[in-house]
Amino acid sequence: MGSKYPRSVRYCLPPWILTLEVALILVFLFFTNYDNSSKDRKKLMGTYGAVFQDITVMAALGLGFLTSSLWRHGWSSMAFNLFMLALGVQWAVLLDGFLNQSFFRKVVISLSRIQQATMSTMSVLISAGAVLGKTNLGQLAFMTLMEVTVFGTMRMLFRKFFLMEDHISMMHIHVFAAYFGLTVAWCLSKPLAERAEKKDQMAVSPSLFAMLGTLFLWMFWPSFNSALLNSPNERKNAMFNTYYALAVSAVTAISASALAHPQGKINMTHIHNAVLAGGVAVGTSCHLIPSPWLAMVLGLMAGLISIGGAKCLPVCFNRVLKIHDTCSVHSTFGLPGLLGGINYIVLMTFRASWTNNPMISYQVLIDTGALSLSMAMGLASGLLTG
Amino acid sequence: MGSKYPRSVRYCLPPWILTLEVALILVFLFFTNYDNSSKDRKKLMGTYGAVFQDITVMAALGLGFLTSSLWRHGWSSMAFNLFMLALGVQWAVLLDGFLNQSFFRKVVISLSRIQQATMSTMSVLISAGAVLGKTNLGQLAFMTLMEVTVFGTMRMLFRKFFLMEDHISMMHIHVFAAYFGLTVAWCLSKPLAERAEKKDQMAVSPSLFAMLGTLFLWMFWPSFNSALLNSPNERKNAMFNTYYALAVSAVTAISASALAHPQGKINMTHIHNAVLAGGVAVGTSCHLIPSPWLAMVLGLMAGLISIGGAKCLPVCFNRVLKIHDTCSVHSTFGLPGLLGGINYIVLMTFRASWTNNPMISYQVLIDTGALSLSMAMGLASGLLTG
Amino acid sequence: MGSKYPRSVRYCLPPWILTLEVALILVFLFFTNYDNSSKDRKKLMGTYGAVFQDITVMAALGLGFLTSSLWRHGWSSMAFNLFMLALGVQWAVLLDGFLNQSFFRKVVISLSRIQQATMSTMSVLISAGAVLGKTNLGQLAFMTLMEVTVFGTMRMLFRKFFLMEDHISMMHIHVFAAYFGLTVAWCLSKPLAERAEKKDQMAVSPSLFAMLGTLFLWMFWPSFNSALLNSPNERKNAMFNTYYALAVSAVTAISASALAHPQGKINMTHIHNAVLAGGVAVGTSCHLIPSPWLAMVLGLMAGLISIGGAKCLPVCFNRVLKIHDTCSVHSTFGLPGLLGGINYIVLMTFRASWTNNPMISYQVLIDTGALSLSMAMGLASGLLTG
């Protein structure tokens, strides 16, 4: 990586990152504090700690290995993934503290804040799937800081002006991250597309690693979707719905992949992506769905859309838009995320028509706005970063 | 896979599976409901949820990677494993509900039901180890539905007529699944054995993946053996006994494997199988064993039997019976399962002779019957499915 | 492995190990008992059980895969790792019981005892990183028994005579294990260094496995550092401090590795080692650090020291001392462990000067003594074993 840059650039990057790290330490020195209330302590010992661990496993292992299948140097994508995770979490904790507290008090570091920071940083890891192989360490560090800042600001705006719940605003992560990644990839890909093409060759063994990443994400997704919900009943619904949506989308993805192939074989990349589409699609509305069949329908649709997207879109993307979406981030996170957002809006509309509650129909408008806003923000900030 | 079938068969399989999935969704739509009692909610938050997650990890990761070592396309065995797991769990939940509730009420989906469904589906994943590489997607889907149905019916019979505990009837899974798989493999293997032979070549890297699967099973086996026990004391005993049996069988397997090899080297396949034999053997009686040495003796015997079986049996199996047991399912799950069953009967006999309780000696008779029944059921239904 | 020994040695080793295993079973038969108090039962169900599982995952998976990168036969290092873990835990439980109870009562097997035994055995797994590839099964079994015995005795001495807490004495494991391993490697390496050199070639796929091990260690290290602390507040501090130290050392290690390489590339081995250095360094004092910045500084220093050590030391080690430290155990565990010990002493000194408490300054003396003692014990017993 980075060997195409002049020697001087390559030499000044790592010291710059080390300086950044030292600056972060100084900010932590002056502005932060541990949360010493006993509430946080109890949370850590209970299920909350277990859910936090699941999310760390998803971020470090799952997303790391998911993107490891394509590269000549698969391990470098792992190392970059770990680098972005570690840097992003530190920055996201600070940012979350600065945006939500007054500037005069110290930022209190609590478990739920670190957990939200980890989830925000996952947006960077998702986006990175579209640009890895075209960037060097410095660009990734810059992208991490930018994306975490924009996503954090967006969530604060949602919370302040739209009174949106944490869970809903977090679930826009997939749409935001996918379009952010695609836009950055569009800005970067022009001169490098040919070189990257060669690295797309897949071997069997890295593909098994990607399968490992997929499985870890598949297994722990129910924890991710239920992490920010407070009522135990909502959490239970969220876990079960996500479980069913994932099971159906796994079955659908594998059969549809065999159907799409002329010889009935299963395409590896399709599986890696479409198996997870159900979990993405069900994310926004998982705590509201009252019975499993709706989640299963969503899983079925997400699986089909994801396979369809992976089959048809790369051709037109590569030709018309000159975007080279290396890990098919768009069909894994972008399209199912849109499906989930639309489904949430439809669900709220139904509820509004049942209860004749104008509040809820107003809420629907806001959600539509939020969905398009997060898409637009993704596009705009991606363009800016690019 | 499947390239040996005429084009028409290959094309009609995936749509058939998608139709099956849609049918399952419809059944879920009309016949199921979430459990909204607060009891289930609390279970999910406590250790019960953690145990459920361990079992999902074992099923998806452990068994998936355990069988991934042998194939030219290791990843396809992973994909098939995930496919069977996702399909089997959906069907097993429905079946369990239909068999245990009246037909007029809706099936209530609770965490413990999904957990038992996952454990039932593991029988399919174990059997699949004997037939993978010889089947296509449609055959596997059919096998999944058949095996889950037969196993579910068998467990219901045990519960209704023999008043057997859930834990004991679940532990017959190993014997049942191994003989089911072997019979199916016997029916399928004749014309294809030569082709499969070639795929048996092992490379180092897939073997590391299989080791990963073995390790995940090894680490989480105590959760599996204690999952269906209710009293905390029994659970604790079950976990400790399983832990010790596994530790001893790991040491035994590695030394015995070095002993069996003419140059003192360790055979990879032996390790993958024999390391787990202790956990299988101790399964049935793990909650009754009062001190560690008995579990350790069981682990020692299981390790030796498993290595012996893996060393001697394949030769006679391949020659005489023309069965090609690709993942040596028989020596991993079949023989140690038998050992465990016999050990349970012996233990109950001792207890009967101590207490002079005719009830228990009657129980012993039933257990012997159940063990042979599960073996016979495995053989018969395997023949039918084949 | 072992093919360089005469045939007779190779044949008598495995039976010897099986005899050892039978002897262990006999000892367990006569001298042990399960803990049947309800206290232990509750612990198992709560977070304690989860922490125990995390540590098993770290020992079996993390350390197993960490050392799997270098060998021609990566899987054999995995098998040896499992073998040493299973054997070491059995012996450590017995030893811990014999040293801490009177000889006339039976050893009570409780969860916390198994957990401490697992942690003691990790010292063997760390040391093994320095000698794997140069030893056979029998030598490893002997080394396991020796090292567990010495480490157990050392911890008992610390507890009896210095009144040291369990947590502190356990954290000397890194320094002890690294120097033990190095000394054994020094004794063994002379005739075999040339052959081992050839096995140092790395391939991409095993390196991904080592990355997997690193990630598992990285994710579960907070559990390791907080496992032996009793007060919930100390546990929480320990977890957060470890988390931050690991995050900073990951960022530092990746940038420093790029800085050290003439072409700005990232060295795989550096990453595997230095990423974990933060967790090692923060270990001893993690429950005392009140705010994150100190942990972050420690992480930064540990990352730099570890990369520096990995860069410079192998040259002089190989030339001057003729030690061949195959998995760079010294720079991963030895140097950061020393840093952590020194930091703990400095921290205690500051506290002593604040409070003017002579007790604490006396404590500091003891700690300095303990640190050098564990280093000396590591060197001496390693020499003896070698």
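Order as written gives the chain letters A, B and C; numbering starts at 1 within each chain.
What we mean here is this: contacts are C-beta pairs under 8 Å (C-beta built on N, C-alpha and C of every residue); 3 or more make two chains touch, one makes a residue touch a chain.
Everything quoted here is computed from the prediction, not taken from an experiment.
If you draw each protein chain as a dot and join the dots that touch, every dot ends up joined to every other dot.
Relative orientation of chain A and chain B, expressed as the C-alpha superposition rotation angle, is 120° to the nearest 5.
Homomeric contact chain A/chain C is classed as different-residue, with under half of its interface positions used by both copies.
In this assembly, the C-alpha centroid of chain A lies 35 Å from the C-alpha centroid of chain C. Shared interface positions of chain C, i.e. residues touching 2 or more other chains, are given as 46, 50, 205, 212.
Taken together, the chain C residues at the contact with chain B in this complex read 1-3, 10-11, 13-15, 17-18, 21-22, 24-26, 28-29, 32-34, 36, 38, 40-42, 44-46, 49-50, 53, 56-57, 60-61, 64-65, 68, 73-76, 78-80, 82-83, 85-87, 89-90, 109, 114, 136-137, 205-206, 209, 212.
Across the complex, chain B meets chain C through its residues 46-47, 50, 54, 204-205, 207-208, 211-212, 215-216, 218-220, 232-233, 235-237, 239-240, 243-244, 246-248, 250-252, 254-256, 258-259, 263-266, 268, 271, 275, 290-293, 296-297, 300.
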